[in-house]
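Both complexes below contain subunit A, partnered by subunit B and then by subunit C.
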Partner chain A sequence: MRLSIVNSLDSKILIFQGVIYFNFESILSIIIRQQFPPERSPTVKVTVSQQQLAHGLSLVSRAVAPRSTLPVLANILVATDEGRVRLSATNLELGISCWIGGQIAEEGAITVPARTLSDLVNTLPNDPVLLELNPKNQVLNVRCGTSITDIKGIDAQEYPPIPVPDLADGLELNVSDFKEMIQQVVFAVSTDEARPVLQGVQMSVNGTFITMAATDGYRVSVRKAELEHPAASPFSIIIPARALSELARIASDGDQKIVMVTPPGRGQVLFHLRDAELVSSLIEGNFPPYDKIIPTSFKTKTILSTAEFLKSCRQAEIIARDGNNIVRLDIQPAVEGAPGVVEISAQSEETGFSEIKLAANVEGPGLLIAFNVRFLREVLDVMKSPNIVLQTNANNTPGLLQQTGDDSFIHVIMPMHLG
Partner chain B sequence: MPIHILSDAVASQIAAGEVVERPASVVKELLENSLDAGASKITILIQQAGKQLIEVSDNGTGIPAGEVSLAVTRHATSKLASAADLFAIRTLGFRGEALASIASVSRSTLTTRTQTEETGSRLVVDGGDGGRLEHLAYPIGTTVRVENLFSNVPARLKFLKTDATERQQVHSLVTRYALAYARVQFTLMDDGKTVLQTSGRGDRREVLASLYGVDTARQMLEVVFDDGEFTIEGFTSPLALTRSNRREMTFFINGRWVQDTALNAALVQAYSGLLMVGRFPISVLFIQLPPEEVDVNVHPAKAEVRFCNSDRVFSAVQRAVRRAVMAYSPIPAIPPQKLWGTAAAQTGVTSSQAAGLDWQFAHEGGISGEGQSPISQAAQQAASIPDSLPAGSLPLLRLIGQIGATYLVAEGPDGLYLIDQHAAHERVLFEKLMEQRSTEVIMQPLLQPVTVQLASHQAASLADSLDALNSLGFLVEEFGGNAFRVRALPAVFSSSDPETLLRAVIEDIEEDESPMQTEIEARIASRVCKRAAIKGGTVMAQEEQLALLRDLEKCQSPRTCPHGRPTMIHLSVDLLERQFGRRGSR
Partner chain C sequence: MPMAQAQKLAPALLVLPPDFEAYSQASDQVMAILEDLSPLVEQVSVDEAFIDVSDLPDDPGVIAARLQARINQETRLPCSLGVAANKLVAKVANDYGKGSRKGLDYPNAITVVPPGEEAAFLAPLPVQMLWGVGKKTAARLKTLGIETIGQLADAPAGLLGAHYGKWAADMQRHARGISDSPIVLSHTLKSISNETTYDKDIGDIDEVLHTVRWLSDKVGYRLRKHHFCAGTIRIKLRWSDFTTITRQVALAEPTNHNSVIYDTAAGLLRAAWQRGRKVRLIGVGSSNLQEPAVQMSLFDPGQDKETKLLNALDELREKYGKKVIQRGREVGRQSAFEEEEEE
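== the complex of A and B ==
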């Protein structure tokens, strides 16, 4: 048993058997202690392009909490920051910031209602927008072309402090690779709020190896990759799936690198891009040990065309979705010159019946196995190779899907039973 | 203090604590004695909410002079001879504790005469100390006078509620017994005022009126059920009449008022899908079953009972009530004073007067008729109908048109119907989907089983129904202690948390509902509502309107949507005539 207290002074973080535990209260206190830059600027006066402003607002708006009991969380922070304009939004679990270029006449910060500002900016012409704060009444004056709008804001001092990361110890991730990793696991999380751990994606890093995994109890998606630079120390965290989806959305391929930081003791993870940053609280708890349930040997190996298989699943789902989402795969090995075939069928008392035959390369004995068609469709959607491998043992043991010639991505699905 | 045997007086007071809790419990014990004595007339007198005086007189068989002193000692009864009799009890009392208990906490006077004796006898017991037996002239029957209740148990006195509450308890108790024993003439006098007087003619609706008011009593539906072994009679509320709590569900088992949560659950289940969430019916049900089927010796005050075959009792209750409700639930009619308040006022007849007159009418019908109101004849016809009700519980409707793109207007033989198109379509789709529901059981096994730790009583009920559960698509196995392992869930519920789902299903089992029925219904209802049902504000072609009306007529319970809201409002011909002044209020 390995047990080490990393920060022994106030023991906010505890590593026990490779799992990191955070003390939630201490994280809160850190968030509260960390004040927004105390030098309060009297006013804001900046000019930005309408297009950039609209784009920036659309990125950060996703983290706004429109129905919070804390009114300031429905606002977006507009602040000057080292020659650029920073837009930030947070719902205290997820925070997104982005930076846009602009001419800064006077430095300062203000928060304004997210919807009001976004809706307004979206209707403005493609001209420079002048944002000017009247510090006496905290009103932001927005001028563009012939339009002049005053938006009532809330003092930026009331906005939750945004952590300033130390990017030096960060982990460098390649944007396009990391986006693909996210895509390939994030759909498998559970939507059930009763099990928060399953609403997250586990990320384990050891040396240059990074593994991401997600499961909802019926399927597990595991994607491995290699890092260019090894991590200083191995760790394993659970990141909310929503944060990762948002990250994949805001990370544009123009960015080369994502720097990931997990500041010790905060229970947070921060992803830094060139012009944007995303902070998310981590999920505490034990991720199910999925390694044990991934079968290692199989009786039947079926190779199918990814596109054909996906199309068939989509067709079958039209019939199956009103029933129990069940599709039956009848896997038949090649016999006497006739090639192997997989018959995909769906039946619903309400809708009808569908059957599709797919040519397949089948090694091993035939099998009739039933799956939730949504599970199949979702994983096939993120398979990149032209062909996929489906490996099975029996109709009541998990099936495994993989890209051909690639072990980095595996997806395991529990079949359905006819009682 | 050394261990010693308690004196009789102390022991009686302790026993009294279980039986005699408040004035109402004294009244209950005495009432039951009178009923057991075969009285046809019972008079109850209370003063100061029973604290000063409770007197119950009856014209029953009386107690022979020689047995009077014995009657007030503990464990003395004429109703039971051997332990075997306990399992076939036909009397209300049997423990032989009531009189002794009451006597030990008050000053009681017992006066009685049997038919064979020439003089009556009287015994005064004060706080448990018996006096001398006197002889005096007295009519046949028994009177028990209980004075200064709890005066020697100050602690108990302190725990009594306000006079108003205690009085209310006595009233509701006597009224309920009067309902159950409609052939017995009850009189209840409270501080000199007559609060309840029943005729003893056997008309329960009359007593019902004094319990719930004339209006409510008129609306209550009659329940009649007889399967050879069980009979259930009584009243239950139509859909329009509900309460926000379960307090108005009264059950009599073999003439004994009992409180049983499972019976309550069966009753509520009978209304499932018909009432809005958080609304409960008003019911008074009298259940007769063979005495050996029920164990009443569970609770000192006999407020609880156990059934040998509880499932059968519950399903009988559910079926009896459901049938009554389905057959008669009137469409929520608009009370005139609500719809056209001013018009009603102008006619100069207040609603209470009108109701009173109506009541009189129904009452006369009860006397002059064949001892049965039309509704009870209908109820008996319904009872002979097998469980599946005729589909057309809605009269044939003639479509008039659509108003406000939201409601359909139709004419029936008995007036005008306004139908909410969204609610009606929901009902139609709901019944269609319930019928089409796949009977195929599909399991979605979990990658890793989930272990659920249950409370021991839940574990016991789950262990009993594992097979039933597993046939529904679960795969649950015992895992030692009170733990269970869930290996698979029914595919329809695979998006739920296994533990939450299992607990919900156990609750169903514990409430004797068919497991998952409610979950399935709720799921289909929400699906219907979200996706398919036509929304209010949609203009429909005449053919569509007609089709909806025809489909609704075919529904099993066309009058409510799956969430329990009404699908239609009925304006009866009678109401229209009254509102237009064509006919005065009856």
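== the complex of A and C ==
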């Protein structure tokens, strides 16, 4: 479309020779308007609260693609939508929208650079903000208090279409439960871009049973829960970890319910909240059969205080992180009335040595086993019970961590082999 | 004895100037031999060290004899060794062995105290031979009627306690040959590197890369032998005009794999290479040494292929010598290089 304008430029300029005080741009705009007589471009005129606007921008900004080859993806869509103001951003894999209340004087849409608008709004006083689009030049005028700013935008027509979900077939999820599920698995995903399947979380739903699992090949985190209403048909999808982390961030507990929709044949999943929506493309591929590698019987069962164990791992990590991240757990059963002990030690050629003794309830033979301390710390961070159970067999077979008296969350870590 | 006094006593005395550099060189040479035997070496002084050989399969007496022969042969220096279950008794055994060889010849002794016989071995010896008992203590013990280590061991605890307090118990334990003081690693390896100087300066990068491959294999072998992984790989390059550069890079994951060392070193060489210049010396080094540790995989347990291959090759070399298995290109070529090892 633009090429045709440029091609016809020469002849048109001749027509305007008599009025050479037009600068090039305005000539161009006249040419465009002559060639493509404008349908009356909708304008935007809304008043919103600065706080709500700033909050909304902070939610959707995470999906902005600042360095995309498609310039409009660096922008945020500001649109009126059924009595509210919609803010949307997408990088084509992940899209986030949110709605804020406002007084709408004129309906319309525009996209403006995300960074410019966010930075500006963050500096504005806590007063009503008037957003008004000049449809002639796609400039958004932002007024708040004594400040007046014009931001050059890109026509909303150029923005990728945003899917409108059919929420009727959606799966209802409880916000606080679902956030906890995400938190307990999402950290175990891989960062290896060569294995995209492991960068996602597998979600399997069958009737009222929902299971989420993540693995990076060295550990696997599995969280099960029950749904209030059963799913129409069983399914299993792999959702990018990034999308779930963002969802956990934008879903506030006040939302109460998340409705999840997987429109057939689109390779997408959409999560609908009261004031926000997140859409993500799904990861194609086969998730590793993690069920098979979770041991079913163990020789040694160790019960530790979650907080103490976590603190010890944090301390050991200070030494271990400069080396190879190894901590050794020396699990010693009770002897002659002396209680069981787990000695946690870390050593680094560069930094030094650390040893922490923890009282523990140990059933079964003692064991010296080495783990990546980061793996231990990350899982202990999301354990909710006051005590945890660590079950082991040998120093070269996986260890299993669980919350005491709770089978809904299991975490399996493969030990480190000392050469 | 002051030198002036010595010369007065023996006018024909031949006085040699001290040569600390030579001593320290000889010391390094001996310590290197010890470290070749076991990484658990505690160097106490320039000419004294403890070695923990608990993990070696051979009889400690045999190890001592072999070690002495090697030191005699390679350094032309005499040496005495004491063998025992702990540092304390080994030290006394060594002093005893050295002292009991009379004559003008060097002692070059080996004294073995079998486990369980520590107390019996120590009993007849004078108390001064016990580590920590000096002249003054010995004199005071003598006033208590204690002259031998055996008497010290048998002395009533109350008697000693009255004079030496807490120290008494330690002294008596030592007198019975009991000590659990561990080997303190005095010399921790900081880096492992190999370099070679060409007979003739080389201008062909492929030729130099070939040397880098061979040096990388050596560095990898030595890392594995010392049970280390390296976090940093470097190269040293000396051009024909003697300007020398080093280039190094930190690895994402510590390694002792020959292939990773080579790939990294080759990358550094290619980046530093200047067309038209010739190389006199090339070295491959590794530092930031740490304990090798591999995060095992859930879905593919067991070691990876290269680890298995390298372990097999290392075993062959241990058993049949370093040249038993080589890369095809290397057969018959090594003699062309003059090679140095650095730690």
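Throughout what follows, the second predicted complex is superposed on the first by the 378 of 419 C-alpha atoms of A that agree within 3 Å, B and C clash if a C-alpha of one lies under 4 Å from a C-alpha of the other, contacts with A are read in each partner's own complex, and residues count from 1 in each chain.
In this text, contacts are C-beta pairs under 8 Å (C-beta built on N, C-alpha and C of every residue); 3 or more make two chains touch, one makes a residue touch a chain.
This structure is a prediction, so every number in the text was calculated from the model and none was measured.
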Combined model on subunit A: subunit C and subunit B, fit or clash: clash
Which of subunit B and subunit C A:Y218 touches, first, second, both or neither: both
Partner chain in contact with A:M416 - subunit B first, subunit C second, else both or neither: both
Which superposed partner A:V342 touches (first subunit B, second subunit C, both, neither): neither
Partner chain(s) touched by A:V373 [first = subunit B, second = subunit C, both, neither]: neither
Contacts of A:D192 with subunit B and subunit C, given as first, second, both or neither: first
First, second, both or neither for A:M203, with subunit B first and subunit C second: neither
Overlapping contact positions on subunit A, where the subunit C interface meets the subunit B interface: 215, 217-220, 288, 290, 293, 323-324, 326, 348-350, 370, 372, 396, 398, 412, 414-419
Contact footprint of subunit A on subunit C as seen in their complex: 188, 224, 227, 229, 254, 256, 288-301, 303
Of all residues in subunit A, those that touch subunit B in their complex: 191-192, 194-195, 215, 217-220, 288, 290, 293, 323-326, 348-350, 370, 372, 396, 398, 412, 414-419
Touching residues (chain side subunit A, partner subunit C) in the complex: 215, 217-220, 288, 290, 293, 323-324, 326, 347-350, 370, 372, 396, 398, 412, 414-419
Of subunit B, residues touching subunit A in the complex: 433, 436-438, 440-448, 450, 471, 473, 488, 491-492, 494-500
